[in-house]
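First, the structure itself, so that you have it in front of you.
As written, the chain order gives the labels A, B, C, D, E and F, with residue 1 at the start of each chain.
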Amino acid sequence: MNRLDGRAADQPRPVEVTTGFQRNAEGSVLYRAGRTVVLCTASVDPTVPPWMAGKGRGWLTAEYQMHPRSSPTRRESRDGRGKAPSGRTQEIQRLIGRSLRAALDLRRLGEMSITIDCDVLEADGGTRTASITGGFIALALALSRLHGSGLLTEPVLRDQVTAISVGHLEEGLALDLVYTEDSTARVDLNLVATPRGGIVEVQATAEDEAIPRHEMDRMIDLGFVGVRALAKTQLEALAHAGVDLPMLFQPERWVVL
Amino acid sequence: MNRLDGRAADQPRPVEVTTGFQRNAEGSVLYRAGRTVVLCTASVDPTVPPWMAGKGRGWLTAEYQMHPRSSPTRRESRDGRGKAPSGRTQEIQRLIGRSLRAALDLRRLGEMSITIDCDVLEADGGTRTASITGGFIALALALSRLHGSGLLTEPVLRDQVTAISVGHLEEGLALDLVYTEDSTARVDLNLVATPRGGIVEVQATAEDEAIPRHEMDRMIDLGFVGVRALAKTQLEALAHAGVDLPMLFQPERWVVL
Amino acid sequence: MNRLDGRAADQPRPVEVTTGFQRNAEGSVLYRAGRTVVLCTASVDPTVPPWMAGKGRGWLTAEYQMHPRSSPTRRESRDGRGKAPSGRTQEIQRLIGRSLRAALDLRRLGEMSITIDCDVLEADGGTRTASITGGFIALALALSRLHGSGLLTEPVLRDQVTAISVGHLEEGLALDLVYTEDSTARVDLNLVATPRGGIVEVQATAEDEAIPRHEMDRMIDLGFVGVRALAKTQLEALAHAGVDLPMLFQPERWVVL
Amino acid sequence: MNRLDGRAADQPRPVEVTTGFQRNAEGSVLYRAGRTVVLCTASVDPTVPPWMAGKGRGWLTAEYQMHPRSSPTRRESRDGRGKAPSGRTQEIQRLIGRSLRAALDLRRLGEMSITIDCDVLEADGGTRTASITGGFIALALALSRLHGSGLLTEPVLRDQVTAISVGHLEEGLALDLVYTEDSTARVDLNLVATPRGGIVEVQATAEDEAIPRHEMDRMIDLGFVGVRALAKTQLEALAHAGVDLPMLFQPERWVVL
Amino acid sequence: MNRLDGRAADQPRPVEVTTGFQRNAEGSVLYRAGRTVVLCTASVDPTVPPWMAGKGRGWLTAEYQMHPRSSPTRRESRDGRGKAPSGRTQEIQRLIGRSLRAALDLRRLGEMSITIDCDVLEADGGTRTASITGGFIALALALSRLHGSGLLTEPVLRDQVTAISVGHLEEGLALDLVYTEDSTARVDLNLVATPRGGIVEVQATAEDEAIPRHEMDRMIDLGFVGVRALAKTQLEALAHAGVDLPMLFQPERWVVL
Amino acid sequence: MNRLDGRAADQPRPVEVTTGFQRNAEGSVLYRAGRTVVLCTASVDPTVPPWMAGKGRGWLTAEYQMHPRSSPTRRESRDGRGKAPSGRTQEIQRLIGRSLRAALDLRRLGEMSITIDCDVLEADGGTRTASITGGFIALALALSRLHGSGLLTEPVLRDQVTAISVGHLEEGLALDLVYTEDSTARVDLNLVATPRGGIVEVQATAEDEAIPRHEMDRMIDLGFVGVRALAKTQLEALAHAGVDLPMLFQPERWVVL
């Protein structure tokens, strides 16, 4: 398979992680995967929404926003400005929220809220998976800071969560699609999963016609190749930022891959 | 497994279909699956949206709306009235639209638009899958009427599309969840598929923690049991309404199951 | 006078009432008058709006919504979706609410709220009067259920409320206009009244020029012919549903017509 | 009957009319009826809305707005600012528009639009009827100016339109209610009519219970007393402003009262 | 310099002030400066916004609204109706609020809110400065009434606030621009100031290119000429309305000019 | 004067400029002034708004957005999301647009539109002046690229535009306020100006009481100290990015400072 950027079919884009990019936030990551760039920001608030108050549990939610000039070709109006965010935006931010909540034991977090803002600064496909993968790093940075300041005494992470796309292209299956691949894929699958083999979320959509069941199975297999690679990148970036990830994990959960 | 309504784990709810319920629409179905009731209405418009004009292709879109008293316990405000529909509503209507477009060869439809309105009159879980399964019947009724009036000369259906949910409950996997099952399921999977074994869309969400890959595979297996059962129901309802479904299908596509 | 559907000038359309159509609601009626169909749903909530709290009185309000495919010719966008309902919609639902509040002694109802949802599934003129006439049946069903469950111990109805339209057509006056009659009527009058001869509301609008006073008087006379006929239909439908209407009425109010 | 302001039951409030109040508008009237003050402004635009273009007919529409400090007791937020105008506001401006269109032969007006802005500066009941009665004067002023400048060559008025309220109070029927009377009236009737005895619109609402038919008839009788008195006031104000009203009327229409 | 209306370069437009125009408001002024007319209305509310409660301080805010027919040429839609007010409107009402707060010692006012509504009835340039200058008179009228009724015992005014525009025209600097001057001015400066020589706000905008510093200084000099003239007009209008302005001022603040 | 960050009263914050930060935009600058960080993005569109079409002139507009976690203390909701941007936001983006249009000869630009997006990533006071100063650099980068690709053949810059704040603090006047200084300043002045001594815009607001005229003059003097310093920084950053600024300037305009 000849990919535009010379990658192998099972090779994710090169990732570059800058931690602490926004100095005010509890957790901040500038996440670059090829020409997709997302600024992931974790903010901690010591309260929970009214409907959750008094239950002793925490909450995590996400907001996703395309910068008006994230596209290579032209400026678009800022989605959701002066009107409700588009259905696509809302769908993505619900997905990011669900995915990162799967990483957390909300019961152990206690009554606090974490918001993950995902601002897409450059878009070349895979912005939702980059938001999840980068968002996990921002989340871990925030948890580490909470731990350091004594606001969190228990380990609250139960899984490391990573996301990647898989496409069903004319020439075969391919991992981590760029925009031009994505727009011609027969099927677009997003896998949110853990490096230990757990599935958090699968969304697979045949853009045109249905595909046979066994091809969907192969797509998930390929997705896990990417999940394991990106999980390693997450660990390295956190270690480089001085985060002791195992300490944030519940002991029974943490295994060396 | 003891289910509240006495069904076996792999048994969908009893379905009752009333065709022609709204006399003005090109296709209308009152679709009842247990205590979930959806009014599916197909309307045909002889134009396409501006961004599609001149391409010789058709379009299909869906709108989903909960009736304010669809819930057994109390009236809720009409979602999307006086403000943008909720993220959940938008996500569901995008799913219904994609799913039913997979059934159609839009190139053969010609420049016309079909809108599928899905009004949930009673809600007991599974409203999005009922909307797709009932929506397919409404679509076929409308196509049949277009055919009868000579506005459609080619067969435009390429697949029969059906949807069902599968849950990962405490006691095991179960097909076609009612509300109380759905709200406690560890994983909720919606399968949109064809009785010939093709997958149109899979959405699986671990509400709490990730689940192992092989359990996801078993859930899809179970989903196909439901898809084949509901596909038979669709065929019977259409036959009863005098619709010659094979005639609407592209010859190379139609196979006896 | 030759009417399109063969009716006499003083003859309302044939009415068909299905009670209990939505199983979840306290009161539900599918009300068909010719080719106008309204789903009337009464929901009871054990609270009142904040501005009424502590006064010991109940409240009733109505919501009116055209289904996007209620028109015979084409789908229209769902009024009020993503924006405020149109002036016409708001005017109609205020009328329905006022009309049905006239039937109730709100002081005896106690602090609870009743909402009447009127969803127009097919529209061929007279949707607001069908909403009121059908809405009264849904209201009586809900009151009967409250009575049966002991939540209501006093009779709270003080009048039976019914509504009908009268038109001033080229050929003369006519009762209960269908759409094509309505759109050419010189004057359109809606009468909300009781079979005992009481007027709850009159709205008469000369679409083009003013009309002489005495013609308005004759229109009201004709309206009462329809009110008495529809009141009989309401009684029969409620009796068929097992509702003991006299028991819901205040004794001094109830008279055999 | 003892009325708060000493009026007889069949006596309208004293009216004071200032024409030309806003110098920029084609027609402008500051209309004071007791402590209700409405600024009525007629603006002419030489086009019609798109849906009317090419039909050779004109259009008239109205906008109604309460000034935030029209109430004697306190400032209220400006209705419709930053959100849709309330149902009440929309209902009133639709009524004003219909009422004043009844005065005009839109076919003879030609393709132009007239907008009547009714800004309520002080509110003491009867703001909708004051808007119609004052709006007619503003309309006639604008037509007169169009005539003077040669933009209108035909007489386009076919009726003089006036509006007044009638209330069914504890002590009996009363004309032209002030706020405290209006808020306790058993029935509130608004009559839009012509001094020649034609009815343009009747809206009668029993706030609490239904009233007998014959009482409604007496209310309309009383309304016509007020209509004839206000029509005289309109004529005097226009004559004082130098408007030759008979010239604006179609000859066959104009009669000395 | 030849100005269209014959004024000298340093001469403001003739001002006409009608106090008590709206009888319901605590302070009301119809302020006419040439062909610019603003209705300024001061309303007093005995509470403060929630975020200010309990601080013992008062608040003042302003609302600015163009009447749809304020323009000489044609009706425009009512800004902010059914949608958010335009950026220009919001900017102006924030300016009016800040300017008039500078006149007040909010600490001595106590917990009450004053709203200044500025409704522009005719617009010929200078509507924001007319709103401030007229708004000050309405404010003083309201304070005087509060004083008279004993609700205010301390003097709360610390400055007399007046506003005027200065333009940099082709032919030189000019005070108090009318619309046609304003639209061709190279620089438009609005000065909000006190007759004692204090500056409350300066906003100077070069519409096209930057201007030298020393020209800006000359514009401010000219602005003060206008401020002193208008301050005299304010005093005369208030004296004529029977307001003892010195009594409302803090003694140490009040000086004869 | 002792400033919190040790600066002298006439010393602006240290500035760090990263050009080319967003790779897709025609001009991109990450502008850091102390702990205020703004991402300034210039996008070029080869059309103009409809109301400008056919005039042969270009247009420039700006959008300003606070990132939800720009504040050091806590996340705030994204201003303008799902509703209109606040009055403050609109006021600021109108200021940025006017200021940068002053730098351009729109007649020579030809029919194209430039949008400057200013996303505030960290906020410590002075975000509007940083947006203008950084926005000018982004604009020059975009113009240089247009020049390089031949889409622009004439020099279109006529001034170098820079902005800075000046505060009137308890201890004296100070340049380039940080947030804590800004919130206690008696007067806040924003100067948009050119290093050659031209004023584009002055906005000075006395937060509490008016200040004497001569103090305002001294504030402007101090502002020019900052404008000259920042103009030098702009030049250095552009030179470092390989932009030949003099070539973009109209020859008669460009002078060595």
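Just so we're on the same page, a contact is a pair of C-beta atoms (placed from the backbone, for glycine too) under 8 Å apart; a residue touches a chain by one contact, two chains touch by 3 or more.
Per UniProt, the chains are A, B, C, D, E, F = Ribonuclease PH.
Note that the coordinates shown come from a computational prediction; the quantities given were computed from them, not determined experimentally.
S.K.: With residue numbering as the guide, point to the option in C-D, B-C or D-E that repeats A-B in over half of the contact pairs.
M.R.: C-D
S.K.: Calculate how many whole Å lie between the centre of chain B and the centre of chain E, each centre taken as the average of the chain's C-alpha atoms.
M.R.: 62
S.K.: Could you please state the distance in Å, as a whole number, between where the Cα atoms of chain E are centred and where those of chain F are centred?
M.R.: Chain centres of chain E and chain F, defined by C-alpha means, are spaced 30 Å apart.
S.K.: Give, as an integer number of Å, the spacing between the C-alpha centres of chain F and chain A.
M.R.: Computed value for the inter-centroid distance: 34 Å.
S.K.: For chain F, give me the residues that contact two or more of the other chains.
M.R.: Counting only residues that touch two or more other chains, chain F contributes 82-84.
S.K.: What order results when the ring of chains is traversed from chain D, passing next through chain E?
M.R.: D, E, F, A, B, C
S.K.: Can you list the chain D residues touching chain E in their complex?
M.R.: 22-25, 35, 37, 39, 41, 43, 45, 63, 65, 67-72, 74-75, 78, 80-85, 115, 117, 119, 121-122
S.K.: Inside the complex, what are the residues of chain F that reach chain E?
M.R.: So the residues of chain F touching chain E come out as 83-84, 87-88, 90-91, 93-94, 98, 102, 158-159, 161, 193-194, 196-206, 208-213, 216-217, 220, 224.
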